[in-house]
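Paired with chain B in one complex and with chain C in the other, chain A is shared by the two complexes that follow.
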Partner chain A sequence: MIGVGTRVAVVDDVPDYAETAAGIAEEAGLTPTIIEPTHGSFSVPNDLLEQIRTTRSSAVICDHRLSDRGFASFTGAEFVSALYQERIPAVLLSTFSSIDDDTSIRLHRVHIPSLVDRSFLDPEIVIGGLERCDSELSGIIAPDRKSWRTLVRIEGVSQESSTAVADAIIHTWNPVSAVRFPLELIEDRAIRENLCDRDTWPVRLFARVNVGCHNGSELYFQDFESAPEPCMDYLAS
Partner chain B sequence: MTSATFRFSTDILQRLGEELITGLDQGIVELVKNSYDADALTCTVELSGTEDLGGRVVITDDGDGMSASDIRDGWLVLGRSRKDPGSLTRRNRLPAGSKGLGRLGALRLGERALLVTRPIDEPGIEYSVPINWADFSGTDVVDNVALDIHRSTSDSKPGTQIVIERLRSRATAGEVRRLARELLLLSDPFRDPEGFTPELIASEFKDIEQLVRSAYFDDCEFRLVAQLNDNGRASAKVYDRSGTVKWSSRRGDFDRRYSGPAATFELWAFLLQRKSFEGRAATIAEVRRWLDQVGGVHLYHRGLRVRPYGDDGHDWLGMNLSRVRDPELRPSTNTSVGRVTVRDERELLLQKTDRTGFIENQAFRAIRKFAIDALEWMHKERLAERRERETQRKRASRREAAAADTNFRRAIEKLDPSARATVRQAALELESARATERDQLRDELSLYQTLASVGTAVSVFAHEIEGPATDLTASVRAVERRAQNALKHDYESRLARQMNAVKRSATQVARFATLPLNLLRRSKRRRTILNVNQVIEETVTLFEPYLVDAQVATSCEFTLEMPQIRGSVAAIEAIISNLITNSVKAFKRQLPQPSSRRIVVRTILLNDNVLISVLDNGPGIPPQLADSIWLPGVTSDENGTGMGLTIVRDTATDLGGRAKAIQSGELGGAEFLIELPRLGERS
Partner chain C sequence: MIDGGPGDTLLNFLSHRGIRRIDSVLVSHADADHFGGISLLLSDPRYRVGHVYLNPDSRRTVLWDDFVSVMRAAQQRGTRFSLELSSGNPGQLSVGASRLEVLAPSQQFAVRTTSGQTPGGQRLTPNAMSAVVRVWTGDSPRLLIAGDIDKVGLDQLVAHAEDARAEVLVFPHHGGLPRRADPRDFAESLMRLVGAHLVVFSIGRARYRTPDPNIVSAILDAVPDVHIACTQLSRHCASERPQERSSLHAGISRGAEARACCAGTMEVTLEPENGYWPTRQAHLDFIRLNAPTALCRRSRVPTTGST
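On to the complex of A and B.
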């Protein structure tokens, strides 16, 4: 349970930003501890998790970009996802225009119930975000986080920075706007490679997607599988 | 003192057998590998009744067979290979080093198994071992079940036969096809120095065999051959279709030492285009079908293929993902076939217990890195070749132009004197018009290049400023909350005004910082079906802080129907943002200033087109610029680039539409009309 006095670890590679987040957590009645690397940078999420455990924190506020200044060799999204699997509630902080939403964050979005735009950070949002995550960890899934098996129409693949990404229309969510996600989310290599190597589009797949969410950046994808091509015979009749 | 030993529950047979080797094909291949280790030349796999439960598999080889001690101390011992993995067999093979777990998995595919073997060293003698797995279910530990080794005489040649009866599951058609492919690829169909040919007696085998053995290697566009020597040093060559060396690696191309066993990587890459197959015996369709079966880079360890490298869906060198970056010059698993061969005398590569590839230790990583580096090296060479080709093409076109000019002058000289003067004059005029056009294009290009550099710099700075800007917003609000708590009722009178001003500035900074990054998002450049209204609305919202700052009231008047076009978000943004900034700049130089500044962005449907109009109540288009307003570099703003409207016009043309300007429009100021082809209801 998140409440007054809950110990919360603040993870950010910029000390000033960490101070801001810690100050806001304090305002929210939490007891923040800013995490600093003891030996160079954190190379794996588990090292950071171990250090957080020493602070006896039961929740975490974590920035997404941790490697720009050499704080860690992984992203905040990857770490928050690891915390989720350890059943530790966390809020991931990101910046408004960040392209990370579609790539490095989307990759772990299934395990990130609370993503907060850093410029909107305030005590209520911190508490709300941690409670949302805590609630999901205890089995209460909000309607906008519940996933459904749905058709995903892939419109093409391309490269964004160093990540191979796909653009897709999910009709059950929004039939007009394409959503971008990293190809890595498709576990089946055969499907992935087939997408990388083709010239004709679209390709239809099935996946579990939280189509009840409002904003495209909240979408997560899992369990991709091939979908049969639609029957077009009626066109001939 | 009493002594005891580890004993194994019969459950362990299930753990090590069925749970490690899950498929029929995988189990059978493990037994075929045993035949290879026994120096067999042929190995036949026969399936009968396997489409239903209770079927039968018979694997027969003409190898060296096993003596009673081989059976007792080797074949029946799990977890250890009796053969020395470092020493060569009679046929110069290095044993594949099976530890017996795959064999156990295969034998347990059925309820009963029978081993019949005739050792080469005991002519006329045959041993057989029947195994009934039901015997193990009634007892606690494995050792309680005795297996009898029967000895008899036989006139048959040496070799081994394994019969697995009453199969516990059906073999699907897919499994049989996989098995056929696996057997064909097992002993390296690219070459066959070891002379080992496994065969499956099933109709699927013949079809796939024909396909696999088709071997279209001669139709490849180029072949990469890379070597990793015993000292961990790599080198590579690329051959063209005629077998001539195109490129050889130089010192420093592979600047690292690889900590893995010696290896050879060969890759045949195909250009599956109609043009490259003209005049050849093979068709693209045939090569595609063949690559469908054998494509990908396979890994051969000690003469036998190791799964799953090169299997469908196992692109262990990441070729397909790399290809996304440069489809023209990078091969994929569907356009190439290759093999990495490793003898590995020192056993540096360790197979996983469940036989699904190697443990990713340093040696394996080194082999993979070597192969990936070889592909990267080849890609660099191909890039350099393409650059060189482009340079040559430019030179050639310059030469051609010069030659055409000379020919033209000679032709004029041949004309009669009266016509000569007229043609000369016309030629001069033509040349002058072309020169003007060239200069214009050059200016345009130069301005685009400048804007590209500005764009790059803006993107870098925007990235840098984004963090502090967003933190500033959050911090200012935190200070405000704390001040309100500390000052209580005095806050409003002592700090509220100043704090609101700081908050507004902080918000402004944050928005301006994020604006260029938003415009630069790559996804916006993707061509797709767009709702024009939506993109315009988002663009206007993006520019809201800029418009508010400039005291401009902006409104959108959209058609109620959904105006869809095919294009990119970036294209519509380019049109709207340039027209908006154009209006704002016009307001700033307007004298006298209007009482209020207004911009209206409107969409209407016009037959098959969408008409976007951007109107303002500014000073309108200066008459002296009316004809040249779309030209690059023409501007009434001394700080402007003069590119904004050129970009608008070019973008509209790219989208299949056109742009028009009205000097003094409906609101009194400039009015720009962009007409774009609309997608029909069913497009």
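On to the complex of A and C.
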């Protein structure tokens, strides 16, 4: 439960930003502790997690870009995802750059219920974000976070800041707006290699996607499988 | 099941009601705003879907191919498909004590010529080919679901169907402008044909400017005491959304979370009693509070001498 006095750890590599976030958390009635690297930078999420455990915090506010200044060698998204799997509620702060949304954040979006644009951060949003994550961890999934098996039409693959990405249309979500995601989300290596090698498009796959969400940045993908070729001849029975 | 828009509203509704088996699915025409939800249903192995009837999209768009791929996967799990939905096939379907009757397209109209035109030389679009389905309870024509039928389709319906009367009409094309036809004429002839006392517009607040004010006004002229219900709150009727979520939308209604609903999900009961929910009074109360410029409450111009 998130409430007055809940201890919350603030993870941000920019001291000023960390102070701001901690101030907002305090205004929200929470008890914040700013996490600072003790020696060098955090090289694996577990090291940071251990550091947070020493503060006895039961929730976390975490910046996405942790590696720009050598604070950690992983992203905030990866860390928030690790926290989720440890059942610790967290809010991920980003600057809403679409590149982050489509690549490093999308990669872990399934485990990130609360993503907040840091420029909109206020006490109500901090509490709301932590509660949203907490309630998902307790099994209450918000309508926009439920995933469904759906067809995903891949229109092509490319590189975006050294990440292989796919552009896709999910007609059960929005038939006209393309969504970008990292190819790494496709676990099946054969499917991935087939996508990288081909020059004819589209390719159709099935995946589980939260098609009840409104904004493309909220979409997450998991469990990719091949889908049948769209050949009508087989349908008529 | 007849049509299902994109998003997960349909599946949420089914799971809310504990429905896992659907005997027959009719897809009125090949537009994603009508097959998106059906596509999600057919992709979910937890649901057993018996038979799907539809008219294929002769344009072979990538969107249609998406749906074909989904249908093939469902076929492998045992769902059967009929690539014709017309007054000839399946024509009629029994569902419990109710009966579905496909009024349009006629079988003759459903048979495309190679030029993509009707035998009469008119250009075929999915909307012209849209199915119109009537639901009967015993001897009462309860509900008419008109897909996205346009003027070409309506003319065909007038020419071929003996009558198309129904107590409730789900208005075609979400109350948007019928292609190359006067909206008033279109609405008038449809209302003359159907004569419904409840007209439902399935609309989204965020998209398009539906329903068209001329259509609403023509309906009010044709059947003055008609109850008009839009699923979501049109921007024509209210520039602001309600402050709070209304109790009118307690079940599964698309847009309820975003406070975008007007009537929300309209539930028309077929048996044992003929009613619908939300009731006219509950809906009017909501409109009075939240829709200051409601199209359906157009104040009539007083005629001289009247009291």
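Assume the second predicted complex is superposed on the first by the 229 of 237 C-alpha atoms of A that agree within 3 Å, B and C clash if a C-alpha of one lies under 4 Å from a C-alpha of the other, contacts with A are read in each partner's own complex, and residues count from 1 in each chain.
Following the convention adopted for this analysis, a contact is a pair of C-beta atoms (placed from the backbone, for glycine too) under 8 Å apart; a residue touches a chain by one contact, two chains touch by 3 or more.
All values reported here derive from a predicted model rather than from experimental measurement.
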item: Superposition on chain A - do chain B and chain C clash or fit; value: fit
item: First (chain B), second (chain C), both or neither touched by A:Thr31; value: neither
item: Partner chain(s) touched by A:Asn174 [first = chain B, second = chain C, both, neither]; value: second
item: Touched partner set for A:Ser67, first chain B, second chain C, both or neither; value: neither
item: Which superposed partner A:Ser41 touches (first chain B, second chain C, both, neither); value: neither
item: Which superposed partner A:Val157 touches (first chain B, second chain C, both, neither); value: first
item: Which of chain B and chain C A:Ser135 touches, first, second, both or neither; value: neither
item: Chain B versus chain C as contact partner of A:Val211, first or second or both or neither; value: second
item: Chain touching more of chain A, residue-wise (chain B, chain C); value: B
item: Lowest C-alpha to C-alpha distance for chain C against chain B (Å); value: 5
item: Touching both chain C and chain B, counted on chain A across the two superposed complexes; value: none
item: Sites on chain C touched by chain A in the complex; value: 6-9, 11-12, 32, 36-37, 39-40, 43-45, 56, 62-73, 75-76, 80-83, 257-258
item: Residues on chain A engaged by chain B in the complex (per definition of touch); value: 14, 16-17, 20, 23-24, 27, 95-99, 102, 117-123, 155-160, 164, 167, 176-178, 180, 183, 188-193, 196-197
item: Of chain B, residues touching chain A in the complex; value: 312-315, 320-321, 323-325, 332-335, 466-467, 469-471, 473-475, 477-478, 481-482, 510, 514, 517-518, 521-523, 526, 528-529, 531, 534
item: List of chain A residues in touch with chain C within their complex; value: 143-144, 146, 148-151, 153, 169, 171-175, 202, 204, 206, 211-212, 214, 227-232, 234-237
